[in-house]
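Have a look at the structure below before the remarks.
To keep things simple, chains are lettered A, B and C as they appear, and every chain counts its residues starting from 1.
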Amino acid sequence: MEFNVEMKYVLDTMWLLVTGMLVMWMAAGFAMLESGLTQAKNTVTILTKNITVYAFACIMYWVIGYNLMYGEGNAVFGLGLGMSGITNSDHSVLSDFFFQVVFVATAASIVSGAVAERMKYWSFVVFTLVLTALIYPIQGHWTWGGTALGGLLSGFTDFAGSTIVHSVGGWAALAGVLLLGARKGKYPEGGGVRPIPGSNLPLATLGTFVLWLGWFGFNGGSQLALGSKGDVDAVALVIVNTNMAASAGAVAAVIMTQLLYRRIDLSMVLNGALSGLVAITAGPNYSSVGVAGLIGAIGGVLVVFAVPMFDKLKIDDPVGALSVHLMNGIWGTLAVGIFNPEVSFFTLLVGVVVIGVFVFATSFVTWFVIKKAMGLRVSEQEELEGLDRHEFGMEAYPEFRPGFEVG
Amino acid sequence: MEFNVEMKYVLDTMWLLVTGMLVMWMAAGFAMLESGLTQAKNTVTILTKNITVYAFACIMYWVIGYNLMYGEGNAVFGLGLGMSGITNSDHSVLSDFFFQVVFVATAASIVSGAVAERMKYWSFVVFTLVLTALIYPIQGHWTWGGTALGGLLSGFTDFAGSTIVHSVGGWAALAGVLLLGARKGKYPEGGGVRPIPGSNLPLATLGTFVLWLGWFGFNGGSQLALGSKGDVDAVALVIVNTNMAASAGAVAAVIMTQLLYRRIDLSMVLNGALSGLVAITAGPNYSSVGVAGLIGAIGGVLVVFAVPMFDKLKIDDPVGALSVHLMNGIWGTLAVGIFNPEVSFFTLLVGVVVIGVFVFATSFVTWFVIKKAMGLRVSEQEELEGLDRHEFGMEAYPEFRPGFEVG
Amino acid sequence: MEFNVEMKYVLDTMWLLVTGMLVMWMAAGFAMLESGLTQAKNTVTILTKNITVYAFACIMYWVIGYNLMYGEGNAVFGLGLGMSGITNSDHSVLSDFFFQVVFVATAASIVSGAVAERMKYWSFVVFTLVLTALIYPIQGHWTWGGTALGGLLSGFTDFAGSTIVHSVGGWAALAGVLLLGARKGKYPEGGGVRPIPGSNLPLATLGTFVLWLGWFGFNGGSQLALGSKGDVDAVALVIVNTNMAASAGAVAAVIMTQLLYRRIDLSMVLNGALSGLVAITAGPNYSSVGVAGLIGAIGGVLVVFAVPMFDKLKIDDPVGALSVHLMNGIWGTLAVGIFNPEVSFFTLLVGVVVIGVFVFATSFVTWFVIKKAMGLRVSEQEELEGLDRHEFGMEAYPEFRPGFEVG
């Protein structure tokens, strides 16, 4: 290998490894965000879900998902196991696997927040296995895998996955939430919505910072290369735009909640920042810094309206995952069609719909089968007393609350 | 571009991006540190301040601050908006912007700790806008911007910003604290000082570790280059010295508090580590590892005396930001004049004074105008019951304390 | 220096710095893990121990340890102080020091968890000084220092330190625990084991994620090079294997606790992930991804049996450090002898035994002298009321629990 080719190989591979680590770190962010925004009595459950969903996703994607997504095969799915038959001369295949596997874990993490506080742990795990082994990789095969589903999706573009990762997690979550139902008491019979405040906002804020940092890897690594002036300049633009969209999302949300409610809502500010991040993910590589800020700000406004909208529809999403990842995954993808003259809005819309229908339908069927086979929801008493006490027999903060007897 | 020139461009740009991410991460560190060292009833406020101050700073510095600091113009300030007219052939301009914007956010974050627990959120935000758009960039234009204020500051050197970032944050905070006054009950009428313990020391410790890690980027990235033997050797020295100064600061503080109080004070140990970090920031690139340790250790000793000194002056700084960032920002800058024979102590002193006077005076005027226009301080009742309940209508830990009715 | 040689030097040095930062970050992980898994009344103590153990370790290893390990000398130990006489033409010596110093801090951090909740702070510090200045570097001189103890250890291999770092920390901790005794009430007179639940499981989970992330640096940096296709490919394999072993360890533990206890134990899941990480550390560079998963899964199973086994022996280890670092440090080292046909199982066994005997014996003597000279254990009343109240005079969460009067 010539020296200049080798240097590019080294730098590109290194970049996938470093940015992959940052995306892995997002798993910690989801764990902190979700356990901060839910009740203390369910905290052990949500922590366990978050760390094991990452672990299960890594295993399933290695066993079959990666090959289903990037392996040879047909227009609908790849074939084979592990890394068999997958080659790459631009960078190490293992570094590519590492960068991709942390993305599938991200998609799975999105689901856990939306179904929190009433779903059985093992039912969630089974869904995760299907999502990460089959559903996510198949739609990924059409897009990042390059087959365009035999042409139906040709022209569809999604730089780092507003649709392919975030809305996929969102659609899968929506299907689950519809079959699962709302938490007891969230929508009282007399009407209205009972707020169920998060138990630990410093944790939720920490989680948001972790996700923000991790997103530099999520988007910055999606250039899949670093070792040339063109690549590193592109990465710099991606990172600045990512930071600007998040900033604008947070600022939009803080201003909106002040204007609408006369009080600031921190959880909305956190979701505003995350919405900006989701929204810019489809196209941080083409837009100017100002446009990135605009896309992020619209994301921050959207989330402020989406959260009460889902509540009006009695779709109970404890952490706002649908408002952040589904709504803004769609918005971010379509924004590319608005601001990038080289991409067709219609083509993007087709992609959003095709992938949305596929993921929602297959997820719904999967959840439905799990519901029939093993049930989705814990008993009413377990929900009331907290999942931690029943499925786990331990408490997250045993000294800060009235204790209970294990056993 | 020749290959060896391109490689250096790629590596230098990559290094600014990676270290810039680490500095962004410091925003999380400040959020955790400050919310850990203050009372639970004000935690939502301080979390919101920390995440939005970062967001506002990024936006304001992009709109005008960056050009005011690095743009063409005169000896006092640059001109223009965004990145217009700013070029760089050594690395991507966007990577440079990213590395610089996270520094201005750091300066602004320092302020939030000192004014915590009694300042109105929006008054703080307005000050942040002025600090990050005008005050910080103008003094930065004289130093890192290269004009030396028409010669007055020629010879002044500050590697990563003991003065330019940390003492700037400290002076801005001091002006605010003087106009704001102490928290109710901190200095009882009968004399003495009432300790108001931090509510969550694991968070404060986490924040310190985050800052320590982020500082490797803060100082290590300030070499602004990586892609040659000379550069990477310099970066290695900077990082080892940074680590040694922090270690020595922590050790000095733990020994001092044991000797002085016969008990160890964890919050002082945390501030000792941070003091070592601030102190080494002006010159981690020239000193030997042993001297770096000495500078850090003196920083750790200084903070143990500075905290009660500010209390004696009835300058109420809930998290010790003045003792850490102002005192040690000055100490660290002057230490270069003591230990580096190539730099004049007097020149450094002039720089410390000129920048100090400018930042304190402009900050004081800004705070004063805000005080007249919209007030700085929440009502006595709001302070007593907690800012979270009034400005935010939410609690940080709603399940761990007696609840309250929102509305 | 020729350009291609210089590029390799730059990349290798940069990689040691970046991965060294990740290993430093593990200190934060230990602090969060250990304070999350112990009682709130001892949290300030354990936080202080974790941040200062890192600081003391960095100072002692710089003063003497680094030279004792890598300096010229004889087969048993090196000589000299600081970096005197140590040279390296492949990468910056300072970057090498940085990468090594964070490893010794890791070994010392392992000890703090096992002796938590009943040891005097300063006794622990004195042991740390001896461990990091003498015990760790001497055994490191035999292995990574290259002398093979005059041939006795020739052929012994340990890629990133399952034995050299993790079991060393474990043996040092075991010696301390034996001399220190169990926490009051842990093993009631009537028999059985009283569970003492951790006070803050979100912190413990965060700590695990931090350690997981940091481990990519721990193992990925141990290639000690990056700047060639061969090196970067090796690093990619190391990182993928590290991630897979951790995932398999977590999954094994979650399944095992469900099967054995009919309930999931989150703290066991966390220790399962960590066990997978410790186990793969000796050989992430040779095994296939599947074998890495197997090694990690066995680690996750081992820990589920090791924790009750230590309890049966009345060896009280509040955070499971012995089960994770000692048991799996041994397992991971021996696993290389099982799965790597080029390495002799017997040679590995000799290394495990020789290093184990040396570290246990010297640690035992050190602890014994400290016990005679200044005592190891706090008074019964201090243990009952919490170490924080006596040695520190402050509480970790003062607002969430009945307060106490300082003084």
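Things worth noting here:
Note that in this section a residue touches a chain if its C-beta (ideal position, glycine included) is under 8 Å from a C-beta of that chain, and two chains touch if they have at least 3 such contacts.
These numbers come from a predicted model, not from an experiment.
Among the remaining chains, those touching chain A and also chain B are C.
Residues touching across the chain B and chain C pair largely diverge in numbering: under half of the numbers involved belong to both copies. Computed from the mean C-alpha positions, the centre of chain B lies at a distance of 33 Å from the centre of chain C. Annotation for chain C: residues touching 2 or more other chains are 7, 18, 200, 206, 397, 400. In the complex of the two chains, the chain C residues touching chain A come out as 4, 7, 11, 15, 18, 22, 39-40, 195, 197-202, 205-206, 208-210, 212-213, 216, 220, 226-229, 231-233, 235-237, 239-240, 243-244, 246-248, 250-251, 254, 258, 261, 263-267, 269-270, 273, 289-290, 293, 397, 400-401. Residues 1, 3, 6-7, 9-10, 13-14, 17-18, 20-21, 24-25, 27-28, 31-32, 35-36, 43-44, 47-48, 50-52, 54-56, 58-59, 62, 82-83, 92, 94-95, 97-98, 101, 121-122, 200, 203, 206, 391-400, 406 of chain A touch chain C in their complex.
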